[in-house]
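Next up, some structures in structure tokens.
Next, two complexes with chain A in common: one pairs it with chain B, the other with chain C.
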Partner chain A sequence: MATLELIVSEEVVAGPLVRSRRLGLLFWMAIGWMLFVFAVAILAPVLPLPSPTDMDMLERRAPVSALHWLGTDGLGRDELARLIYGARISLTVGLFAPVIGLAIGGALGILAGYFRGRFETLVVGSMDVLLAFPPLILALAVTAYLGQSILNLTCILGVLGIPAFMRVARAATLTLARREFVIAAQALGATHARILVRELLPNVMLPLLAFFLLGVAVTIVVEGALSFLGLGVPPPISSWGSMIGEGRESLEIAPQLAFIPAMALFLTVLSFNLVGDTLKALTDPRQSAL
Partner chain B sequence: MSGPALLSVEGVAVDLPTARGNLRAVDGVDLTVGAGRTLGIVGESGCGKTMLSRAILQLLPKKAKLIGRVLFDGQDLVRCSPEALRKLRARSLAVVFQDPMTSLNPVLTIGTQLIETLREHLELDALQAKKRSVELLAAVGIPAPEQRLTQYPHQLSGGMRQRVAIAIALSCEPKLLIADEPTTALDVTIQAQILDLLAREQRRRHMAMILITHDLGVVAGRTDEVAVMYAGRVVERAPTHALFKNMRMPYTEALLSAIPKLDAAPHTPLPAISGRPPDPTRPIKGCSFSPRCRYAAGPCHRDKPQLTGAETPDHQYACFHPILIAAGVTA
Partner chain C sequence: MLGFVARRLLYLVPVLVAVSLLTFLIASLLPGDLAYVILGDQATPDKVAALRHDMGLDQPIWWRYLGWLGHVLEGDFGRSFRTGQTVLQAVAERLPVSFELMLLAELAALAIGIPLAIACAVRSGSAFDRFMTGSAFGMLSVPAFLSAILLIYLFAVELRWLPATGYVPFSDDPLGNLRCFVLPALTLALGEWPVLMRVLRSDMISTLQEDYIAMARAKGLKPSRILLVHALKPSSLTLVTVTGINIGRLMGGTVIVESVFALPGIGRLLLGAIFTRDLIILQGVVLCVACGYVLMNFIVDMLYAVLDPRIRHGHA
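So, the complex of A and B:
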């Protein structure tokens, strides 16, 4: 017991020091990769790239060359261009879907955790229903009725993410709403809206943002899986998942066609996970120290 | 009692439904606090002090049931609309809690918390609010107040945090400040500083204060009147000097003798109060202190004594066998 307390107090005292050390090289490499991917994806139209959709039937599955830096795919399209334009799709879906989850799920969670009562029962119940719904069936149904588009895909993945964000927000709010600073704010005559926005939201935002980064990673993977199954973005638009799916057909002749986008996917997801985990580790001990 | 009462609590009872049955946390309490006066509420853990303060503020847990009237400035808070209540709290009520670790928002800077409260209540612009915040922090004895504004609560010591909490409570110029064990989480030297600070600001602002504590020593020099609570009831109530001079209730006497004395020989055992407080979900017949009272006899086990004034109307106690010899303890 004595040693345990000693360790805890040391950690509290050395808080800022530990924090800077804990970020480490891996964290900055992850940040670097994320920035690189974002920059390339945003700058894609101005980069000197061949068109990602122009086919060159004479140059099918061409090896690496000065013209095609990463070779060409089964239809003679430039692999690097498709990879970079694919990053745009994967990142768009990967970022905007969790934003939907964060906004709706986060708001519902904070409201449910603060007001409790019947509203909470209703929210938690409906989220359980949503969780019990098989996600692939939902994706199939929506794409079958509304068609395949980036918007539809983002909305499906966003809605599927709402329950998880709701749970994180509600759990954080439940413990916070009982803290004395909330009662102190009430005693000072703060309105419910003020307590929710100014007192609770800044506190709940920390775990939510850390969870958001993990959500981005998961969504990129799920988008890849859906595109691989042909439920994602419609051809000829490329996303990393659809590129892996297309590369699968020529796995014996040209394995790089599946492995290069898989590598990009892997590195990006790993980066988001690393950054998300680091941020979560940073926010957790601070919460407990207070 | 000087002037009309600012706050008067009439027959307040608080019921909390629990898994083990109904818990009566506060049982028929009557209290008054005059403008600019200080009332100390003393009692051991779980005797209903905090629930009483929450009942006054109308900030009880949602499931709790409140009976009785809480008149503040002529208005019955129990029957106020939520909006009227909110406005009243914003203008005239404030509270300081036991643990400054949890009573400040951990992710907002001191400045943000103070400035926002000020802007909300006094409708100041950003610059005025900042100036006022610095003044307030200086008033509660925080060195280098400008720099503190940008700091987070975890960067301050416990005593500093409690000073900030007091500054926030004072920011809206309340007429009544409820200090709920404001020094329990602090070490002894800081305790005295914080209590002196509260007393000084109270005098300067002419506000009323309810000082809740489990330490009779804390109320001794700093209150006008003391109410001793036991098992949800007020068992003795008197002006502070009268209470310490002629305490009547055996419980008050037992509380006082449980305070360690400096002139006692080392290793002298403390006269602790034997037994435990009664289970509030199982009300007992007769005086609730009777199982632990060394004077208990006859009627103590049959009837509940009522709070009555005997010699002077100011000094009230609920006991069939009051201590009649002067205890001779000076305040």
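So, the complex of A and C:
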């Protein structure tokens, strides 16, 4: 089932040595880009940037200049400042929503995989209900009722991520729960709580964290899509999605207004995908066994 | 097989009931009282109370849910208080557009993905293979709204080959109709083909290592026949599932694509309902889409079981 549209990677064959070295460089470039975006987004208030919301009607869609490094948008707002402040929104939602999914979904998955029985049926069943809605459509509908705000957006996207994390955690727990160290702990008389927290959690955490990065990529895309449609963050706050949406109006005269945030979004999503995929390949027992 | 179908069908019932409950709860519990929406901000409390009473909004929630579910089961999904159109009419009017879009997109994605997957699988590990798997990975990071903008810029603004927006009904002008679907379908296909290609490629690589393929080669069969007849069918099991599963992605994608290219499909209906706060249409459309999605998944499950006997006997 396509949960938050997460894609299962099917990379197995084809020269592991060549691949790992090739991915190595890209991997570090991706990490570098992520760090750069994070740094810029965090430092935004102290950087010498013009205000991202101040309009200047005389300087609409101005070209690149010393004052406006990336020019200005259709309302004369500084494009670079909007891009950087947009990164703050995209990253905030992109990071915190999967944290919700990771916490709730991960916990449910471990409990379901460990205790099995009715509880597992109930959890898996309710996740199936959540999965019965195409994710973007559910997100749209709920935002429409709740109203647009960053908090609402984060919560909705977080809830939508729960089933995916639940599945990963449950699958990992199911295999781990039969392993010797868990049986040994049980034989020593360890309590359920101790086994869950001390034995299972550290082992399940690894695949979950790799999956978390992929979740960040997906969330940034969904947030971008919602903002693009005008249903994400409320204006005048900019997010990459809303900037692309605004740039769409002036594709004929100023295509850069759509393409600059598009490029930033693409590179960021690609970086998270790359790093997540690499870590997943490292932590996936099926693949490391090969 | 019959037992398998029956079991899956039985499982559908609680899922569908829960889906309807969730749809209803989203619409009823969240802020934004229908009576206020209809009457506007200036409504007096008396009027609101009267309308709430007329609409049954003052009754307990479970009672309202049961009433609503009863109507839905009779095929009455409600009526828009803005246009007077029933939900079913509105959906029936828009469905063909979305359906055509999804069908064309899926076909285009298969047309791009299958040949590439075969070509990559034949020369797995080659420079071509690595380049294509790399591009596929890159394409996965391009959301639909990005490729839409790129395609519009390229084909509508720069080259002026195709219209950027607009819709011509098929009955008026079949060719014109297809023309206005080219860019939207391509947009969705660009996001789909990498998924299909990756899945088919890896399945195909493992199939090509089977003994019977070596046997077919030894018999001197033409390589094209081996690939297309002997290897493709057993490799396409996962492809079928993924194609089916991706319908959910595609449905989300159609909302964006229909909005960008101004196609009058379900997605635009949904967005329009959101922007005009037409809650009844919204609720009805979400329910229809979710039910359609659940049924679609059921059909894919069935199809998969037909293709792979291990599934229906529970050995998978």
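As a working rule, the second predicted complex is superposed on the first by the 256 of 290 C-alpha atoms of A that agree within 3 Å, B and C clash if a C-alpha of one lies under 4 Å from a C-alpha of the other, contacts with A are read in each partner's own complex, and residues count from 1 in each chain.
The criterion applied here is as follows: a residue touches a chain if its C-beta (ideal position, glycine included) is under 8 Å from a C-beta of that chain, and two chains touch if they have at least 3 such contacts.
Every value quoted in this text rests on a predicted model; they were computed, and no experiment measured them.
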item	value
First (chain B), second (chain C), both or neither touched by A:229	second
First, second, both or neither for A:181, with chain B first and chain C second	first
Which superposed partner A:189 touches (first chain B, second chain C, both, neither)	first
Which superposed partner A:129 touches (first chain B, second chain C, both, neither)	second
Most chain A residues touched (candidates chain B, chain C)	C
Contacts of A:255 with chain B and chain C, given as first, second, both or neither	second
Touched partner set for A:198, first chain B, second chain C, both or neither	first
Common ground on chain A, meaning residues reached by chain C in one complex and by chain B in the other	none
Contact footprint of chain A on chain C as seen in their complex	14-15, 18-19, 22, 26-27, 30-32, 124-125, 129-130, 133, 137-138, 140-146, 149-150, 152-153, 157, 195, 198-199, 201-203, 205-206, 245-246, 248-249, 251-253, 255-256, 259-260, 270-271, 274, 277, 282, 286, 289-290, 293-294, 297
Parts of chain B lying in touch with chain A, wherever the complex brings them together	57, 59, 62, 86-91, 93-95, 97-99, 101-108, 116-117, 120-121, 153-154, 165, 168-169, 172, 178
Complex contacts: residues of chain A adjacent to chain C	1-2, 5, 7, 9-15, 18, 22, 125-126, 128-130, 132-138, 140-142, 144-147, 217, 221, 224-225, 228-229, 231, 241, 244-245, 247-248, 251-252, 255, 258-259, 262, 265-266, 269-270, 273-274, 277
Residue ranges of chain A touching chain B (in the complex, touch as defined)	116-117, 179-181, 183-184, 186-191, 194, 198-199, 202-203, 206, 286-287, 289-290
